[in-house]
């Protein structure tokens, strides 16, 4: 169980080339952390999602599952205390909290497939307006494999995607249809980017919140899929 | 019922070109280092290897890839190995990528006499191609089949003469399911103890699943991502 | 994340007439005695109970049968209970008899998000009636579906505040799979300890599967077949 | 691991009403024990099969699995040392041998279904000449349930039935077809009764051995299914 804040060793760096007001990685993680509820079991993917563990709201307790076989993952070890037999799904050395437990991969995915994990946060290369997600393969180029992502997205009831609104070429990652091979169909519930919080609805991406100082017009310009804007869009409170 | 063999040479006796192997481990964590070294020495070719990952360029299954001993890999994630990507894109290496949970469950199914099961993982993706789809509780699932192997090679922390095994921390991962699914299951352990020394209530892999066991000479236990925090 | 409740009354809150329950145990070994006593006291009716056995006439689920609280039993073996046989033959009690291994696997499947799987058990028998048959490796198998429950009620030896559980000896039996398959899983334990007291390497049921836990007031642990040998 | 002989507390009693030369329960168990091989994992059913553990040949080691969750089952406990948490599939108090282990029911039947158990010995009410077995139900009368028997007979590669040649009414239990609801189809390999050892073959029950002093004619008279008799039938060596 993690109470309050932990310090992970990722550098703070601005990521969006287009708007200096946009959130950085930590800002995205902070906003996602607001989705945590007391008693949640949470699976955090590699990258930005990992940072969410640093911003658990005061007064709530959550526990982190890593699909390679630990529940109750703690912070990184102090130097010299690394244990090669204790890693997370990103192959990083970790620690275990009091009350943690280890298990095999079949049991781990029984937790995931059986919907015992309350929230899954993961990165994506593309999300479609129907909630399809692509994050495992670029044909003819990247062949890393899906790891546990396909099990996670096919099973989790509550999936939040943490990603940049556009790729490095400035092309929107929120699309009418995924162009890359998909990881899962209609599974994403919510997306948090450096610009906005959006929900997947039958009508498309529904804008829920703007990053502080970011305008609806800017979000529109970088969203290729259908965007639903109803009334005044509040700013995130980070 | 004493399953102890002298070492990796004896443990892998009968392992031949073209066989299908399962190898435990997640990344470099919990991999059977001593058996992998022996596979390299034996220079067995044309292997089909079922393993969640493919090692790194200089360690783990990467050593077998370097010597082109592997014909086909069945894995879920191979991103740590640059040579792998190259061999795959050039067509030298056949690759079957499987969702991690389906891989674990398919190994367990193979060991448990369950020839096939339905899972939601991969529905609507490339993984579902050619597979039966059926809707349960309003949700589409695909039919996945069991995996078995000529040799399953696992690594445990402690083991006894009967083949009872205990793993440590997250080094458990795929080892228990693979131990179930081998026609011959070989276990290498850090510490081999007398029967009765392991608490029967806390055995992870019952000895019935293991045919040969030995204590590995040494364990390097390389760390892929050494990540630490500063002391306050 | 503290899942400790004061006792069986709090643990079974929300349990209503007509619900489906899973109850751990094999014979009288590893049964949730305190929760069963509370179910009798609550006088909940019309229950569907999934349990390998149905207790004996004066203990275990037999107590619920005596008060006609059970509408349907899903079990593998009920031979120890004379009242059961009588209620079943008279039609007062609906009974679904399932091969023991299929029962265990169907509970696990329910907890693991696997809606159905193939097994050879029961092929060609009454158990296969109305079920899909498919041949794998030349052998016919039948398709069995997952089981879940509104409440899964299990008994463990030790547990902590997070719901992590350790069972003892053969009292483990069905408890771990049922713990996975409950919408609400209640665990009663002989000894409740602080988080961190149980070795994370030797947890049988990870706390994620458990919603409520309490230390049972007392355990009678009746023995069905006391069988001994003479000292030489 | 069980070496040599153990004493189980079942009384010696003659069972066959027709031939005083026939084996008793212990004789059947002794003959079946000759089928054990070094290194076998064995599952013994309730009744006569349980007695097989008393007659393990010298010089071999076998281990007993009980499907409720133990491998390495030992003899019954000494009086006063019974543990309610340590029983076998017959609900009898037992002990565990050094090197034993406990496991849950799903793992136990993974061993059975996955054919990791080398030999299964169980009782039967009827066996057909095709190897079908009936041992779980008498319609309108006995409704005990199949327990683990259906999993065992559907999966085991090597199944030996230990039973009386005829029922109490003197009717043969070796039939052309089972009349009772069956437990498994074509699964029995060998039958050991108080009169004979018989194998299931495509041609029917093949007589392998006679109990000492029992004639082929007597066996014929009590076998309702097709009986194959080739050449001289040797006596069992008990």
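Read from first to last, the chains carry the letters A, B, C and D; within each, the first residue is number 1.
Methods note: contacts are C-beta pairs under 8 Å (C-beta built on N, C-alpha and C of every residue); 3 or more make two chains touch, one makes a residue touch a chain.
As the structure is a prediction and not an experimental result, all values here were calculated from the model.
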Which of B-D and C-D has more C-beta contact pairs: C-D
Measure off the straight-line distance from the CA centroid of chain B to the CA centroid of chain C, and report it in whole Å. 32
Return the distance between the CA-based centres of chain C and chain D, expressed in whole Å. 29
Between the Cα centroids of chain B and chain D the separation in whole angstrom comes to 37
Rounded to the nearest Å, the gap between Cα centres of chain A and chain D is 57
When you check chain D against every other chain, which residues touch at least two of them? 70, 96, 102-103, 106, 109, 112-113, 155
In chain C, residues with contacts to at least two other chains: 105, 108, 112-114, 119-120, 167-169, 200-201
Tell me the shape of the graph of touching chains, choosing from line, ring, star, complete and other. other
Interfacial residue positions of chain B with respect to chain D in the complex: 1, 108, 110-114, 160-162, 164, 180, 194-196, 198, 200-201, 203, 206-209
Can you list the chain D residues touching chain B in their complex? 1, 38-39, 41, 61-63, 65, 70-72, 96, 98-103, 106-107, 109-117, 155
Write out the stretch or stretches of chain D touching chain C in their complex. 7-9, 66-70, 75-79, 81-88, 90-94, 96, 102-106, 108-109, 112-113, 132, 137, 140, 142-151, 154-155, 181-185
Show me the residue ranges of chain B that touch chain A in the complex, using the header's touch definition. 26-30, 52, 75-80, 85, 88-89, 95, 97, 99-105, 107-108, 119-127, 157, 167-177, 204, 221-231
Taking the complex as given, what residues does chain C use to touch chain B? 105, 109, 112-120, 134, 136-137, 141, 145, 166-169, 200-202
